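Notes follow once the structure below has been shown.
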Amino acid sequence: MTTNRLEAFSDGVFAIAATLLILNVVEPGGPLGQGLLRIWASYVAYAVSFVTIGVIWINHHGVMAQIAKVDRLFLLVNVIFLMLIAFIPFPTRLLAEHIMAEGAQAAALAYGITLAIMFNVMWQYAAHDKRLLRENASERAVRGITRSYLPGPFIYLVATVSAVVSPQLSAVLYAAIALFYVLESSLFGGRA
Amino acid sequence: MTTNRLEAFSDGVFAIAATLLILNVVEPGGPLGQGLLRIWASYVAYAVSFVTIGVIWINHHGVMAQIAKVDRLFLLVNVIFLMLIAFIPFPTRLLAEHIMAEGAQAAALAYGITLAIMFNVMWQYAAHDKRLLRENASERAVRGITRSYLPGPFIYLVATVSAVVSPQLSAVLYAAIALFYVLESSLFGGRA
Amino acid sequence: MTTNRLEAFSDGVFAIAATLLILNVVEPGGPLGQGLLRIWASYVAYAVSFVTIGVIWINHHGVMAQIAKVDRLFLLVNVIFLMLIAFIPFPTRLLAEHIMAEGAQAAALAYGITLAIMFNVMWQYAAHDKRLLRENASERAVRGITRSYLPGPFIYLVATVSAVVSPQLSAVLYAAIALFYVLESSLFGGRA
Amino acid sequence: MTTNRLEAFSDGVFAIAATLLILNVVEPGGPLGQGLLRIWASYVAYAVSFVTIGVIWINHHGVMAQIAKVDRLFLLVNVIFLMLIAFIPFPTRLLAEHIMAEGAQAAALAYGITLAIMFNVMWQYAAHDKRLLRENASERAVRGITRSYLPGPFIYLVATVSAVVSPQLSAVLYAAIALFYVLESSLFGGRA
């Protein structure tokens, strides 16, 4: 089959997973003005996870543009990949609520492990892509995407492990990775 | 009408039902680290239901690719089918929360009955398909999909009834069915 | 502009509003087995509202197929129409929770008023359609859809007003209207 | 790449953000009839935010129709723009719950700041558009959209600042801005 409907389903999951992140931003108790300032970690977590999902969506897009047809195994890997994307709102909430309180380490580990697994599935995904490329696929585009994913599993591993030393450092690294992908994606990416 | 918009609406419901499953994974009380390990059943239930919805989506896809036009009765059967897909998050939550506690039997029955009804509606659906097939529909593809659905109602019935003996056995069977469809779908399915 | 993107946005709202209905089916307290039977009204309300949204989606579909282009006023009426569709989960929840308890009358009125307003907006919608029809629009299809909407505002008015006498009667009438549209849509509707 | 998939993802976020607004309308405690009247601010907030998102969607649509291709920077600005759209349900809930109670000022500021930032990002967006326009883009359409956004940041700033004097005045201004865009969009907009 062609990639149209796969993209429609994937776009749906990406869009919903990103939009559901707002349900993690909840009104704090006490006076509203102070409360809204106190939950700043919720806003940062919302932005980091939304942008992370957005950048992964952009790359997913780039990969699909080079693929001619998909087989059922590819569909299945894609479902598992989307399962991990849709999971992101849960560790995001944990991180936002616990980073400055009890459970910061567990929350930072949960976030890092989710993203690290996701990047590894993406790797399998990319390896599998090779067999499905369009005949006139742009080698440059494919290599560009692969190269941008290359450091993913490694840097998420470093950020996750650093949670053992300091969960806050870990959280800063997650934000830095998102920012790195944003810059990599926009400044060095060129025409999609 | 053509099948385009039906697919858009269906993909939307599939994507949302799958993504909403994450709302069933809720933070446990008590120390976070231990709590996150204690709710392992939530993760398994999330994965099993997500993959189940994903595999049904893949097959829905396969069926639609062989259909030329749809009539209003088909649209309606599709709406009822989607109604059951969108219902899956509820028994999934029940199963995740009760499988190791009070109410395991009721939860296992609720999950099994939902899936069993769904597979039966899918049967009606498939029977109806015959009248709507494209002239050049691939008989092999249609028979492949029909054959893969054939054991569905029966094996879900067995898994559901086994909840009377042991709800945990029932839950293991649900996971096994999902795994079976994953393997059937990817290894034996060939090009979609 | 063409109707493509309007349909994509509309399908999204229809699909999400229908799928969010499951969030109204919540686990009752007490022993699970009995509790799941006690909340039967939640299942009925879920099914009635899901099918109602589904049938409206089918008709929306039928109308759009006859329209060539849309102007900004039409887009706006469509947004207001979707605003009412997306509102349906709220009175559905009220009806499910209160129909056999305190507040049955208020819940039945809330449901009826929402649907009655929606059908009236749909009327404006249909009237406006005339100016935007495709040159080769099927007059028969347009008249068929208009005729099926004709009794809508009236019968919802009757069902709503009957809530003053008996909220339960009112709820039964809402279910009957949904069933009527299902039958009208599938048995008498012919090819879409 | 072409704009198709960007539109699919954007439409998904628009549709979900708008539809999630209904989760902010929650059943009040106490007798249901009186309670449903007491939460009138929830209905107004729902309608204002839904229509605001709808009008922004209409304009987003108008802009995309004039654009031929998108680059990765544009995709990224779009992701950030959608991040702000998806944020709207949160301050909408704050406004609905606090406008007649404690925290009205904080809620009005939160709503205004969100919308003001969003309109400013939209500006960047529009400026960037210039480079991506289709060769035969309708200058009139582009100027029409730009002109309609021109007062946005300014009037939201005024409405936001007025919350210092009276949060209720601020809320009325937000509703008036939505109404203005509705009228501007439908009466003066002409063919899309």
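Note that the chains are named A, B, C and D in the order they appear, and that numbering of residues resets to 1 at the start of each chain.
Definition applied: a contact is a pair of C-beta atoms (placed from the backbone, for glycine too) under 8 Å apart; a residue touches a chain by one contact, two chains touch by 3 or more.
Bear in mind the structure is a predicted one, so any value in this text is a computation, not a measurement.
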item	value
Equivalent interface positions on chain C and chain D, same or different at half	different
Chain whose mean Cα position lies farthest from chain C	A
Chain centre separation (chain A, chain C; CA means) in Å	36
Rounded Å distance between chain B and chain C, as computed from the means of their C-alpha atoms	26
Sites on chain B at which at least two other chains make contact	8, 12, 16, 20, 23
Interfacial residue positions of chain A with respect to chain B in the complex	1, 5, 8-9, 12-13, 16-17, 20, 23, 69-73, 75-76, 79-80, 82-83, 86-87, 89-90, 93-94, 97-98, 102-103, 105-107, 110
Residue numbers on chain A that touch chain D, as the complex places them	7-8, 11-12, 14-16, 18-23, 25, 27, 31-33, 35-36, 46-47, 50-51, 54-55, 57-58, 61-62, 64-65, 182, 185-187, 189-192
